[in-house]
Amino acid sequence: MKGRSRKAGLPPGTLIHIGARKTPEPKITIIDYDEATFQERETKAIEECFLFKDKPTVTWINVDGLHQSEILEKLGECYHFHPLVLEDILNTDQRPKMEEYGDYLYIVLKMLHDKGKGSQIEAEQVSLVLGPNYVFSFQESGGDVFDQIRERLRTGKGRLRKMGADYLAYTLVDAIVDYYFVILEKLGERIELLEEELVAHPRTETLKEIHTLKREMIFLRKAVWPLREVISSLQRGESPLVQKTTGIYLRDVYDHTIQVIDTIETFRDILSGVLDIYLSSVSNRLNSVMKVLTIIATVFMPLTFLAGVYGMNFKYMPELEWRWGYPVTWGVMVAIGVAMLVYFRKKKWL
Amino acid sequence: MKGRSRKAGLPPGTLIHIGARKTPEPKITIIDYDEATFQERETKAIEECFLFKDKPTVTWINVDGLHQSEILEKLGECYHFHPLVLEDILNTDQRPKMEEYGDYLYIVLKMLHDKGKGSQIEAEQVSLVLGPNYVFSFQESGGDVFDQIRERLRTGKGRLRKMGADYLAYTLVDAIVDYYFVILEKLGERIELLEEELVAHPRTETLKEIHTLKREMIFLRKAVWPLREVISSLQRGESPLVQKTTGIYLRDVYDHTIQVIDTIETFRDILSGVLDIYLSSVSNRLNSVMKVLTIIATVFMPLTFLAGVYGMNFKYMPELEWRWGYPVTWGVMVAIGVAMLVYFRKKKWL
Amino acid sequence: MKGRSRKAGLPPGTLIHIGARKTPEPKITIIDYDEATFQERETKAIEECFLFKDKPTVTWINVDGLHQSEILEKLGECYHFHPLVLEDILNTDQRPKMEEYGDYLYIVLKMLHDKGKGSQIEAEQVSLVLGPNYVFSFQESGGDVFDQIRERLRTGKGRLRKMGADYLAYTLVDAIVDYYFVILEKLGERIELLEEELVAHPRTETLKEIHTLKREMIFLRKAVWPLREVISSLQRGESPLVQKTTGIYLRDVYDHTIQVIDTIETFRDILSGVLDIYLSSVSNRLNSVMKVLTIIATVFMPLTFLAGVYGMNFKYMPELEWRWGYPVTWGVMVAIGVAMLVYFRKKKWL
Amino acid sequence: MKGRSRKAGLPPGTLIHIGARKTPEPKITIIDYDEATFQERETKAIEECFLFKDKPTVTWINVDGLHQSEILEKLGECYHFHPLVLEDILNTDQRPKMEEYGDYLYIVLKMLHDKGKGSQIEAEQVSLVLGPNYVFSFQESGGDVFDQIRERLRTGKGRLRKMGADYLAYTLVDAIVDYYFVILEKLGERIELLEEELVAHPRTETLKEIHTLKREMIFLRKAVWPLREVISSLQRGESPLVQKTTGIYLRDVYDHTIQVIDTIETFRDILSGVLDIYLSSVSNRLNSVMKVLTIIATVFMPLTFLAGVYGMNFKYMPELEWRWGYPVTWGVMVAIGVAMLVYFRKKKWL
Amino acid sequence: MKGRSRKAGLPPGTLIHIGARKTPEPKITIIDYDEATFQERETKAIEECFLFKDKPTVTWINVDGLHQSEILEKLGECYHFHPLVLEDILNTDQRPKMEEYGDYLYIVLKMLHDKGKGSQIEAEQVSLVLGPNYVFSFQESGGDVFDQIRERLRTGKGRLRKMGADYLAYTLVDAIVDYYFVILEKLGERIELLEEELVAHPRTETLKEIHTLKREMIFLRKAVWPLREVISSLQRGESPLVQKTTGIYLRDVYDHTIQVIDTIETFRDILSGVLDIYLSSVSNRLNSVMKVLTIIATVFMPLTFLAGVYGMNFKYMPELEWRWGYPVTWGVMVAIGVAMLVYFRKKKWL
């Protein structure tokens, strides 16, 4: 939520980057291709992109780093993007959505990361602008899940180079959704570990881990749930920018999204169950602690009382004088103790 | 809910202000502009507003303070407002809604405030009436989130002065929704603080703070949830009073509203988790208290019993006469104590 | 639910009054008016009503007390009401509903009462039959929320006398819904009281009051929820009996109904929170009780043991002979006690 | 669920009766009537039914007992029933449903029973087949809620004899739904009893009764919920077999069904509340038990310690020699005890 | 979820089998029939299948084992399957779905197994491809629920041989859904066992079994829930590949699916109830343990104190010298003990 309030009261279309500056300097990568030709270059001057605007080839322009709003301003002027689109690209706490603007489509999604083992999941906003012969992708920082796509473009294998810009956009969305499965698999492993730990040796940390995982599920669901609608409306093929053949592929991504949502829901259910088990194991332990206490107290209180009685200093206590008083008292004590234990065993406390 | 019952049984259209009188005297501000001209004045006589009724320029009339119902009566007569609209403006416990009346639109929303740090969130009802060339805004008290809009109107920068009354209405709604993010950010900080406190040092006050926050979420949701529908029906552009170009901007506000609702839901989920952690930390503490008690009782009860036995006054107790009776008894006692502790360590209670 | 089973197996349209006989004798009140004329009379003979059937003026016939089914039978014959309508009027456990029968509309709603302070809410079924120039209202007992309407009819102030029968029906529904706010306000006060009590001095009665309130919410929701649909279908103006101008007023009642439902839901959420606080305050108290017990036991058990040791009667106990044995033992005891207290303070139990 | 698995793998339309054989021999009752004539006969030979097939009068054929599948086979052949209909009649674990087969409608519902006081509710599947001039009803065993309908047919009072087969089918459905109210009333009484018991003297059996009732609610809901849709689709009058005039009566049954569902939901809510009260009364009792223990322990532990101190056998204990040592010690003990009790009273534990 | 991440980043249509290799070598079975002829053969060369492509007879080709992707590749080429279909067949963690591809329908479902008593339920993905005159079925491993269908095809009894490929597909789906009832019946038995155990002798293992069953319900629901939509869209008969007469049979399977879902929901409700009973029986036991402890402590603490008092060594303790001191003390002690027990009986603790 942080940083969003800085924009309160400013006119719509004001270009202010929300969120931390994640990369030292914006980096622009241009890939231009059709079935026959392929060209890739890296630049810092956004003006280079304008050269590709009217070429019939498909152009993919990727921008890493969003804190220099001039880049977007120039782009917006050249490609006639709506000021709200430019604003939304910089608003990195958007929920996934798709908007049609006649000439181009604007798509927002969340790319999930996890840096190393046991670390938290991070989400990065990726904005796509799909035009008739170009795709813009805007990322908050460098490092993405598109490397294999770049490789496929370079080598020219498969369908990708033969298809239009809409297929490229699909491929990017597909790569992002596919990576969700990687994230989910890791979460699944953490849940399994948690369950094993719960059985073997429940600790207070277990509770915290349960809640960390629960919160990550909330976080994930928020990132994935609206995607369902986004892809569904893309697939329904109402925009002339998305061809029918690409629609079938989008249906495939749609299925994957549903599967991701399903898995998140299942994980949530499992975590609720794990929490229940944890809580009832805590109260079970309380029960067994109380039983030990009760058994000890119940056995020794009467005995101590008896010992107390024969420790009294009355002058006339006939038992004290009696030759067998001491051993008989011991006998009675042992009998009481054994009787108590038998009683507890009968009550299944032992 | 307070005050609403005062109106039970009265005929519809009766002008009674519900809620506390929040401002000493109503204040009327008139801003009249088009791209070229700008005029701003403050008055107490509502009749001044009527001068602007037929001018082609856009007129924004803001009324602070609702307890003098004559103002509304005169306004209603001059502008031909439906009696129910006038009644609803004074009914300050409305839920957000939008109603079409042919010549004008009537919009109700909730403006959120928070007075200083740690204070409760307050909601003030703002009623907008959007006509072909005028916008009325009615507030319960002075002080609002529109100052930056006034400034933009005065300086004439940006799109605002060039657009019609519908764009002005959009700008007002946008300003209110934008301020929700400020409120949410503050709530988010309070939740974070709560969580830190929970880990560091849980107290009974923590529970109360959790429930205060939960209730504020209920309150917020009630204020924001119906807004979604309001803006959605505005944006669908069915009314001729809202132009198509403004529709795109309304879609933007719509997205923000969804985002606010999403965040509220996430906060609710997080608060539920926080409550769970609090409750199970309470029962964990009970567990550890009981363990201490049980360990102490289990160690000392047998020992005290033994001491009691050799405190008995039987005449014939051979052990008492024995030279090593005392040290051996000590030895047995220490052995019992150590055995108990070893047992507890094995059971992971220590 | 009571009494409903008496009707099992009887043919449809059988006129049996369900529920207790709430009024000694049925009372019929006839109000007949148009803008110019006004006539009001009270009778016991239903036949009088038939005189007004074909007059162009608006006739409002109110029947208090339903246990004399002949009245309904005669009415049904004269006005050609469907037997199921007559049956439903006597079935006083209906849920609110609206049914169109060509010539007339049949509307059922629940009028809420509360008799005095702190008493339970009671619901009375009110059936309305709206024809082209008449409104019938059937109540189980005398005493209703329509007195102000009668007054407005008599004095002829306002819109009411100028409008048709549909506006009268609207006015009746509006009066009933308006009274819901009175009931809700009283419930709100009870909830506030409950919360204050909870903080000041929670008792077992608090729990019962929570559940009484919860059940009243269930009861209210059942009475109000279907009303939403009833009014919505009235307002949509599909029936020729409801004029367009009345539709705007019905939209207003619709808004009120939504507001009532909203408030009920909020109250339910608040009551859940109150229950949570109550329950966790109970377990907090258990915790503090246990702490006291544990502290006392942990401090005194070792001390009692020590006293027990030097109460043993062994012949050879060198400490007993020692000159400083007694004061040193006291010193050790005080030291142990202090150490324990320091330990507990460190653990934040004190 | 039992018995359903026997059919796994068999071809569709295989006639196997699921469930226990509830009646020794199938019994067929034929009632044939129009406004003027009435005929009733009982038979064991299904062939008799075929005589009525082409008569213009309305024929109601009731079959008690389903385990002789030949009856159904012959019937199916003669009346051209779809094999799946025949199969479904024997599948007595169907959920309520309605299926159109052109010439006839197939309706499944659950007839509820309760055998004597305090016994469990039993559901029996009733299948209706409604043709142009016949109604078949299939029951698992003898004994039903249709006796009053038979009586009405015999005496010829009321509407029933004048109407067609669709009205007869409506009457049967109505009788079944009406009996739900009887069952609900009994359940309501059990819930009331439970609540009284809960207040007066909560026991472990109370918990079991709560859960028995909860499960019966699940069971009931499963039986009634789909009925809503069944009757709604009947009423919408899409089938030419159901006349418009009957539609109004079906709307009445529909209302009753909604009311039954409403009541079930209310009962579920009430039972949840009852469970909450039970659980918190259990934990309240634990609290009060712990308080007694703590008070006793806190009062007597210091006293016992003191008594122990003066029971020590040190040679030099000046207090022991002191003339007032014993009474002063008693005084101190009483003072300690009183102080503790005052402390507990202040803490509201007494 | 396992294995799914291996595919991240690969182009769509890449044939990689997800999941363990469950069968040593793929096995292809071809059954070709019409009403007159029948032919069955087993092969390892997929090319044999191509012979049947253009024959008017119905061909059912079943493939057990999916890890040799060449088989699918060849099939896809010959029958012109979309690459995504081939990919989905190998993606064995699909949720049930149905996709239309003009010439053929692609259906995914989950076949449920259970290997022996008390073992976990296993799900195997079955993919069906339904063309105008062929049905392909793909299974992960050998062993299925189709044996009775094969038998019916061989013997030629019943409807099956006379109908088209769509009826065969229906039969396969029906067999899979029918087996769900077998699985549910076994689960029902386990739940019943659980409940009996809960009443007789609740153990910690009971809790684990409850959660195992709960998770199996989640698992089942995930497998069955989407099936509802699959069959519903098949039945609506929008595809020309499914004939109208088959539609009625599909409606039957649809009913069964709803019934399965209903039963799963009921089981979930019952398991929640069982968990509640378990948890409250645990806290009831704690209560009874605490009562025993409290009774013992409350009876013996005052007695032990008294014994301690008369064990003190004060020189001047008149009671000690008194002739009846000892028996009177005993009397007082017994009186205290009896008074305590009477008090507890009155409080219903005994």
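Note that the chains are named A, B, C, D and E in the order they appear, and that numbering of residues resets to 1 at the start of each chain.
In the analysis below, a residue touches a chain if its C-beta (ideal position, glycine included) is under 8 Å from a C-beta of that chain, and two chains touch if they have at least 3 such contacts.
These figures come from a predicted structure and were not determined experimentally.
J.: Steps needed, at minimum, to get from chain A to chain C via touching chains?
T.: So the least number of steps between the two chains is 2.
J.: If you fit chain B onto chain C using the CA atoms, what's the rotation angle, as a multiple of 5 degrees?
T.: The best-fit rotation has an angle of 70 degrees.
J.: If you list every residue number at the chain D and chain E contact, are more than half found on both copies (same) or fewer than half (different)?
T.: Here the answer is different, because the shared fraction of interface numbers falls below one half.
J.: Between chain A and chain B, what is the separation of their C-alpha centroids in Å?
T.: It comes to 26 Å between the two C-alpha centres.
J.: I'd like to verify one number: the distance from the centre of chain B to the centre of chain D, where each centre is the average of its C-alpha atoms, in whole angstrom.
T.: Averaging C-alpha atoms per chain gives centres 42 Å apart.
J.: If I count partner chains per residue in chain E, which residues reach a count of at least 2?
T.: In chain E, the residues touching two or more other chains are 283, 286, 290, 293, 297, 301, 304, 308, 311-313, 317.
J.: Using the definition of touching given at the top, classify the network of chains in this structure as line, ring, star, complete or other.
T.: Chain contacts: single closed ring, each chain with exactly two partners.
J.: Per the contact definition, I'd like the list of chain B residues that touch chain A in the complex.
T.: It comes out as residues 145, 147-149, 152, 158-160, 171, 174-175, 178-179, 181-182, 184-185, 188, 248-249, 251-252, 255, 258-259, 262-263, 266, 269-270, 273, 276-277, 280-281, 283-284, 286-287, 290-291, 293-294, 297-298, 301-302, 304-305, 308-309, 311-317, 348-349.
J.: How about chain C: which of its residues touch chain D in the complex?
T.: Residues 1-2, 4-5, 7-13, 82, 84, 87-88, 93-95, 97, 99, 201, 204, 207-208, 211, 214-215, 218, 222, 275, 278-279, 282-283, 285-286, 289-290, 292-293, 296-297, 300-301, 303-304, 307-308, 310-313, 317, 319-321, 323, 325-326, 329, 333.
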